[in-house]
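Listed after this line are the structures, all set down as structure tokens.
Shared between the two complexes below is chain A, which has chain B as its partner in the first and chain C in the second.
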Partner chain A sequence: MTSDNAGLSAVALEMRDWLADYISSVLDVDRADFPYDTGFDALGLDSVEAVILAGMMEERFGIAIDPSELYNHPTATRFARHVAGQAGGPRTAEGAGTGIAG
Partner chain B sequence: MSPVRPAAPARPKAPALVSLAEMPPDISVVLVSFEMEQALQRSLMSLSRRCQLGLEGRRCEIIVIDNGSARMPQLTPPEGMEFRLLRASRPAPSPVGALNEGLALARAPLIGAWIDGARMASPGLLAACLAAAEDARDVVVTLNYRLGRPDDGVAPAERAAHDAALLAGIGWPAQGYGLFSIATAEQAGEQGPILESNALFLSRGLWAELGGFDPVFDEPGGGAANPDLLQRALAAPGTRLVRVTGEGTFHQYHGGTTSTCRESATEALKTIARRYAALRGQPLARIRQVGSVFASPHAPAPHAPAPHAPERIAPPDLQTGMARP
Partner chain C sequence: MAGLAAAAPDRLALVDLDSRGQELRRITRGGLWQAIGRISRSIAALPEGPVLVNPAGSIDFAMAFLGALHAGRLAITAPDFASARLRTRALEIAAVAGPVLVLTSDQQVADFTAAGHAACAVAALDGGAEAPLISWPDNRPAFVQYSSGSMAAPRGIAITHGNLTANQQMIAATFGTTEQDVTVTWLPRHHDMGLIGSLLQSLWQGLPCFSMPPMGFLQRPMVWLRAAQTHGATILGAPSFGYALCLRRIDPGQAAGLDLSRVRIAFCGAEPIDGSMLADFAARFAPAGFAETALLPCYGMAEATLMATTMRAGQGMIRSARGHVSCGSAPPGASFALRDAVSGLVSPAVQEGEICISGPHVSPGLWSRDGDAIHPFDRDLLQDGQRWLRTGDLGYRQGDSLFPVDRLDDAITLHGRTLPAADLENQVRHSAPPGTVEAVAAFAADRSVVVLLELARNPGCTEEEILQQVTEGFTHAFGLGVKARSVPRGTLPRTSSGKIRRAAARTEYLSPLRPGTVPEGN
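This part shows the complex of A and B:
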């Protein structure tokens, strides 16, 4: 189940795809039909898994992520848009935007 | 040449007399400690025959292996149990080596590992695990709880006193099942996904087959050693998850790396998850299979805290408080 890509930057799309890959690998969610606009709660992601996801995403994209933001932006599409927006700017060769990580 | 004397008929060998002390106990529990004397004493009390139900005719061995405390804990042995207090031969920031040492000393056919000695047991836990382990390939898990409520606003410096007040409030140890009323579950419901079990029971043979906990988890607290052990146990051929409900272990505050404050717990878990993924090539994930459910016959119903929303789940105690200052 793909959602409309309009409005998502290339970085946000990459983050959204990563979220879909990751969540499909740890929860019983079909990657081929990933519900990008379904709430993380509804997918079965709990607070511990949210922290783990945040840690993995930090490593993958080189940014700092507060797991509570997953509740404020509770779908793959919304979270990717939020994080990409926070990261800001074009991607560098070293990774995604560096606006957050200290 | 002298005649060959026929050999005397072999006398049937009398069975060796084995004293009770030499016979293995029915169940062993190994707890690791590091600078947690007060909490450990409560854990031992909870495991004593005074507090544990349904152990008539059963022998239980409790082994505490101290992972390098500045002073060996001064402990009152758990009443009615075969108790040993030992010092790890090579104390380290990770509890894994100490725990494996303790597991090697355990004599029972069923052995439970307490990677964090600061966990109290509910009253029917040992009897339930004994009854639940029907087969040598069973992986018997109990569920994790922690004293207090998430975001209760209690400062780290006050947490130990807060735990003591909570326990006094329920009349512990007389009211052992009251622990459920003052604790928060680390999983969503008794049949919800679990990351680890802080009282995990395996047969002696299965412990040997798995090689105990993996020493690669050498970081303070042991990182993901405990969930890794559970994952490996369930991946071993022919094993079966058995989930004990109605019982549990209850984490007491003791200044560990993930129990100090929410922020440090979050960052610790992120680091643990990344290291696990790097070592194992797969993400650290909860186990979602329910397995075979064994309901404790001793637990009063209802025994568990009211169902809660996922965000109310407490962070897991992966680090177990073994980290050095």
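This part shows the complex of A and C:
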């Protein structure tokens, strides 16, 4: 239940907040007391919902996300740090293209 | 199929797309047919036993699957390793089925080998001469599809060559599929809808089939519809959930930018069909030229090869006054009828009851590795010399049209009436103040209807008010008393996909401790 910043960058914090917003909207997890360091499995995020999440996060942040990375970095804090680390560089044309409408 | 390939060998048969819709590989009818012949010859040289097929990509899958069938071998379908869960599943299926060979993709060979199976990539068998075409008898098992569920009690549904031919003809007759059609699909090939409805129907009728990975659709549903536009799709298909995901992910502005005007069939089956959701889908994509009459609800299951009943192409969706979606009538050569709960008889005169199906498309039973035997289904019924398969689904009929309602196991029989749990739950949601009920489970217990509710966090009124309105609305609608109870959020038992498990909720409710329920008097 960490509410500290866990040493995350501003981008990573924004992503962590987005993950908490999204997961608490589809699962029975309290947003006010979101468990940032609990495994996605323990929160009840199944494999289909995880892939949908990856797609929505791509669209929101304009980056490419491999859904299998959710298993390698299975908490909101760890996944946000991982994705923000990748997104630090310039956005690729491919990544920006996943706005999907484009 | 051989005839189609001979008539126009250069016509496009299959195209594999990646998860962004880019083309990976394509093959003509002639190219595919020749590869099937060569692979079939290699398979025929193997020791006796089934062949497991799970390559990624529709082209390799078609070569492996049809190669096994033409060699007269039983094909076992399994998912490719698109996720850790599916990889585990495929290895479990291999362990249960004991294949003589696993025909797969390069990157999946090592895992099967490590598990003690003989495995190779499809391309490794694609050499040498073609096997001559053999017609196998109708009653010979062609393939086995394991139904979802625990592999501790595996249900391998056997489909014969005759079942397959019959159901392909039924689909072709009701969809009116021709060589002028085009399919763009994301449906997994190890399940009946993707295998029978998309891949094999396309090959059977000679229309090109563009396939993208299921995970790609889940992540980016727009890729599917954009590929449909690019390739001029006339036939789309998905379970209810797929159309719902498009609604959730593709906003009206994005939808309006598409061109789906060539789509003449968007079939929908495989789970209870949400009519208002489908109507919303049609409305959202109407600016893209999507015709509401393209919606084609159907009803099917692996035991029926795929299709059991269907609306006809161009009819659109029909809903009953009770709000259920018509899944049309049985295709030519097939029948459906309902089984009366009291008499146990199946008859066209029964208006509501368990859905039973009959015809040349119905599987003979479950395949067992022991002795390579087929065991008839427990739910088979012989009446006046006709074999009926009880589906376990509750439905009602209006004329020749079937309206599936719910799983029978979850229906509530009380005071001589059979009430679908889903109907009772919908009434609960309808009776409660809007937005206050998050989840509900209805079942019969203590000789009355019990409904357990998970309430929204900030419902804007008291729990007592909500329960009172639910009780009043319910009694008014059904003339039955009801015990309505609130339970803490997240405590109703659910499946991994979030569906409420009513039977488990009932068991918990009836247990002495009644976990998760508020005791009487509170």
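Here is the rule we use: the second predicted complex is superposed on the first by the 86 of 102 C-alpha atoms of A that agree within 3 Å, B and C clash if a C-alpha of one lies under 4 Å from a C-alpha of the other, contacts with A are read in each partner's own complex, and residues count from 1 in each chain.
Here is the rule we use: a residue touches a chain if its C-beta (ideal position, glycine included) is under 8 Å from a C-beta of that chain, and two chains touch if they have at least 3 such contacts.
Computed from a predicted structure; not experimentally measured.
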Chain B versus chain C as contact partner of A:Ala12, first or second or both or neither: neither
Which superposed partner A:Pro67 touches (first chain B, second chain C, both, neither): both
Touched partner set for A:Val83, first chain B, second chain C, both or neither: neither
Chain B versus chain C as contact partner of A:Asp41, first or second or both or neither: first
First, second, both or neither for A:Ser25, with chain B first and chain C second: first
Footprint overlap on chain A, comparing chain B with chain C: 28, 46-49, 51-52, 54-56, 58-59, 67, 71
Parts of chain C lying in touch with chain A, wherever the complex brings them together: 20, 83-85, 215, 218-223, 245, 249-251, 253-254, 257, 454, 489-490, 496-498
Interface residues, chain A side, partner chain B - complex: 22, 25-28, 41, 44-49, 51-52, 54-56, 58-59, 67, 71
Residue numbers on chain B that touch chain A, as the complex places them: 186, 188, 193, 195, 266, 269-274, 277, 282-286, 288, 310-313, 315-316
Interface residues, chain A side, partner chain C - complex: 28, 46-49, 51-52, 54-56, 58-59, 67-68, 71, 94, 98, 100-101
